[in-house]
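Step one of this worksheet: look at the structure below.
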Amino acid sequence: MSEQSLNAPGQPKRRLFVEIFLGAGVAASLASFLYPVLRYIFPPETAEATSDTVLAGRVGDLKPNTGKIFRFGSRPALLILTPDGQYSAISAVCTHLNCTVQYRSDLRSVWCACHNGMYTPDGRNISGPPPRPLDKYDVFLKGEEIYVRRQGNA
Amino acid sequence: MDVLGTVRKWLDERIGLHGLVEFMEHKKVPQHRYSHWYFFGGMTLFLFGVQVLTGILLLLYYRPSPNEAYESVEYIMTQVRFGWLIRSIHSWSANLMILTASVHMFSVFFLKAYRKPRELTWLSGMLLLFLLLGFGFSGYLLPWNTLSFFATKVGTDIAGQVPVIGKWISVFLRGGEDVTGATLTRFFGFHVAVLPGIATALVALHVLLVQRFGMSVPPSVEAEWEARPSERREMRFFPNFLLRELMAWYVALAILGGLAAFKPWELGTKADAFASAPPGIRPEWYFMFMFQTLKMIPPKIWIFDGELLGVLGFNAAFVVWVLLPFFDRGPGGRAQRWVTGAGVFALGYVVVMTVYAYFAK
Amino acid sequence: MVCRGAKNALIMVALSCCLFLLAAPGLPAQAKNSCINCHGLFDPPLGINAEEFAGSIHAQKGLLCTSCHGGDSSSDDMTQAMGKAAGFRGHIERAQIPALCGKCHSDAAYMRGFNPSVRTDQLSQYQTSVHGKMLAKGNSHVAVCIDCHTTHNIHPPNDPRSSVYPANVARTCARCHANAEYMKDYKIPTNQFALYSTSVHHEALAVRGDLSAPTCSTCHGSHGAAPPGVASVERVCSTCHVFQQQLFDSGPHKAAFGAMGFPGCITCHSNHAIQHPSDGSIGTGNTAFCVRCHVEGDAGYTAAAGMHAGLVKLDGEIQRSEEILKRAQVSGVEVGQTAMALTEAQDDLTKARVAIHSARPDAVDQNIQAGLKVTDKTWQAGLAAMKELKYRRQGLVASIVAIVLVLIALAFLIRKIEAPKPGETK
């Protein structure tokens, strides 16, 4: 902490320089702190990902006796409109070796292309290697939108 | 001439800003070879401020329920712009704060800053340190990931070992017999309401006491100054000391930013209450020396339960540690040598055990 | 012996008097089962566990001792209850047992009264089994109904207490088939149970609790138990492994195996000790099945090496993508969509592993290429995520520059205000 300065202090020019220097630095650093904070405060476009509920599609997306894959968290899930007009949502991850299952209109069943596993449209395993039923989700309609929710989290 | 000057004048006329500045200018900080240790208190205070700010920001998106906690943190980390930064800074700053607070405590201890009349400052500081550990323990659980879930299980289990009231403590902490969603709700309450409230009051008291008695000068320096009064050096609190403190804060900010960008705080995997504990369960590093000790104690010592003895031992040690200033009977005495020895032992033990815990696995 | 006989007789007399008074009012008239009064107290072989019998399906459906053993259980007079006039048969010879059980169980009209959909072909099936044929030749050493179903403790096969509950079948068969001493007159191995216990099928059934997983009777039949012939092995496996059979039939191995008399699936996978195949099961390594027949230089050897390389490549690519995505995810970069896309590649890998059974490299390669196309995209997405991380560091650099600027300015400022003013002495 030597206070011996060879430079003569207090020169107006130099003082101004230090002050501008400091002011610019403080302003820039504050900006670099505030910018992220401001960006943070405004919510992102993607709706909140509480992985309990997800928008699976809209009424009219599906014709009866078809199904479609949608994303639930980071895993695929399957929304089915049965021939008699009921919606059913199940996990699309086969319980055998985690392949993605699909709805087969001709079989009116959920089918896994990997080992010919077969499930009913509400996920019960009926033939082939799958050892367990697929997880079943709740489906509910809000206007035109079809929401799917994990069971047991009402 | 300038807007700043006008504003300053306006404020001065109403709240006496002038008085405050004058007061700070008159406040003196002793200047000697140990002066740099004075910065750690202010550094801890600054990090506390960072915690409050980032904590409030995290509250905008965090949800304290077992079904949503992990997802909301994931959302903060991946979806919210700069969410990763805010959360990483909050986590890193928490750890840094425990570190600076510990350094502050040991420097106060070895520089004998706790001497009369500053015993109450020491007590309030120790309480604050325990509060910080409480912040750390409760905050660790909030992201609801596997590691924190099981660490909380182990931690509250250890609290349950205390005789007579252990069971009660454990149930109180967990909000039930086991670590569940109820525990999360509780810890959230502790972390964002109870602890901050108490901590703010204590910080105010602590700073007030420091202000009341001024900065302590270590006895060795004091003796030198007594001998040669011309050596005595002081620095104005404002602006000299505060500007230096500001530099320290900026350095801390740079470190935090670097840690957040290069080592973002990890998310882990979502806790599953019914899964078996994964290997490598460990608490945060500042609990490691206790964790490692309890792991190394044999299950039975004579007729007593080893872990219980360990828990009781630590409790006793903390009580003694907090009360150490009262045993110190002034310079040169035998008591003081004992106290210093205890401090060296404690510091050595904590450091060695912490390092050992990470290498021993 | 004399002593025990006398004791038993005494107990019998005493109890038949007491129990008559005590128990008679509680029992419905038609269900009176006086046999139990004495036989419930004896040691085997004359005694039975009354509680066990009461829990059995037969007792539950209202059958009495007399349903099989004859006699009259409504009488407390031993000479009448076990008299010739009441049709008492007493001990039933082993050779007679299938016919005795069949009396009811092959009577569709009678069985319908208990369970309209129950099968009634057990006896005729049994007569086609190895057990049944040997019994017909006069060998009463072989399994008859009670050896698998127990005598008095019979439960339906979906009852976990039953000896023929899926998870219990293997142990039931092993009672004889794993007993080298008992099986010494027959020229068949006794290690099937030990081998089966190491198999993937056993793991699925016993460890993962998948009751549809195969046990002994799934492949060998239960009442018609017999080893499947060489020709039918493939059809037996394909009841579950449909695709593998179709692909096998479409490939060159079908004809080749047939010509050499190899029994289909088990040529590679073995029979009882079927292990979980790995990517090393194909190819030219020392765990590969292929090298048992193919030697370096022949077309099959080259094909095997190619298919193995394809699987390993795709598997490696998937892991590489998984790793980078995981790294991005824990650092807080959103990669959920990409992670989901990656499951397609995993699907393709699984399909390729099934396609192996065709032994046609082109069929395998089709799946491999589809998978590689996916992993190519996911890897690129992973790299992009990493770039996003780098972008953050650039932001940091900007902020650090500002911070350093402030630090330098502060240092200057401190130096300036602490410099001795002109004329001031230190």
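Here the chain labels run A, B and C in written order, and each chain numbers its own residues starting at 1.
Convention: a residue touches a chain if its C-beta (ideal position, glycine included) is under 8 Å from a C-beta of that chain, and two chains touch if they have at least 3 such contacts.
Because the structure is a prediction, the values reported are computed rather than measured.
Engineer: From the Cα centroids, identify the chain that ends up most central relative to all protein Cα atoms.
Structural biologist: Of the chains present, the most centrally placed is A.
Engineer: Write down the pair of chains with the top C-beta contact pair count.
Structural biologist: Answer by contact count: the chains A-C.
Engineer: Taking each chain's centre as the mean of its C-alpha atoms, which one ends up farthest from the centre of chain B?
Structural biologist: Most remote chain from chain B, centroid-wise, comes out as C.
Engineer: Between chain A and chain C, what's the gap in Å when you average each chain's C-alpha atoms?
Structural biologist: Computed value for the inter-centroid distance: 37 Å.
Engineer: Need the CA-centroid distance for the pair chain B / chain C, whole Å please.
Structural biologist: 55
Engineer: Could you say which residues in chain C touch two or more other chains, in rising order?
Structural biologist: Within chain C, the residues that touch at least two other chains are 336, 395, 399, 403, 406-407, 410, 413, 418.
Engineer: Multi-chain contacts in chain B: which residues touch at least two other chains?
Structural biologist: 79, 83, 85, 250, 253
Engineer: Where in chain A do residues touch two or more of the other chains?
Structural biologist: Residues 29, 33, 36 of chain A touch two or more partner chains.
Engineer: With touch defined as at the start, can you tell me which chain B residues reach chain A in the complex?
Structural biologist: That would be residues 31, 57, 60-61, 63, 67-68, 71-72, 74-75, 79-83, 85-86, 250, 253 of chain B.
Engineer: With touch defined as at the start, can you tell me which chain A residues reach chain B in the complex?
Structural biologist: My answer: residues 1, 29, 33, 36-37, 39-44, 46, 48-52, 153.
Engineer: Hey, which residues of chain A end up touching chain C in the complex?
Structural biologist: The contact residues of chain A facing chain C are 3, 5, 7-10, 14-15, 18, 21-22, 24-26, 28-29, 31-33, 36, 71, 73-76, 93, 97-100, 113-116, 128-129, 131-132.
Engineer: Could you list, by residue number, the parts of chain B that touch chain C in their complex?
Structural biologist: Per the touch definition, chain B meets chain C at residues 77-79, 83-85, 87-88, 239-240, 243-244, 246-247, 250-251, 253-254, 257-258, 260-262, 264, 266-268.
Engineer: Could you list, by residue number, the parts of chain C that touch chain A in their complex?
Structural biologist: Touch list, chain C to chain A: 204, 208, 210, 212-213, 240-243, 336-337, 339-340, 343-344, 346-347, 350-351, 354, 395, 398-399, 401-403, 405-410, 412-413, 415-416, 418-422, 426.
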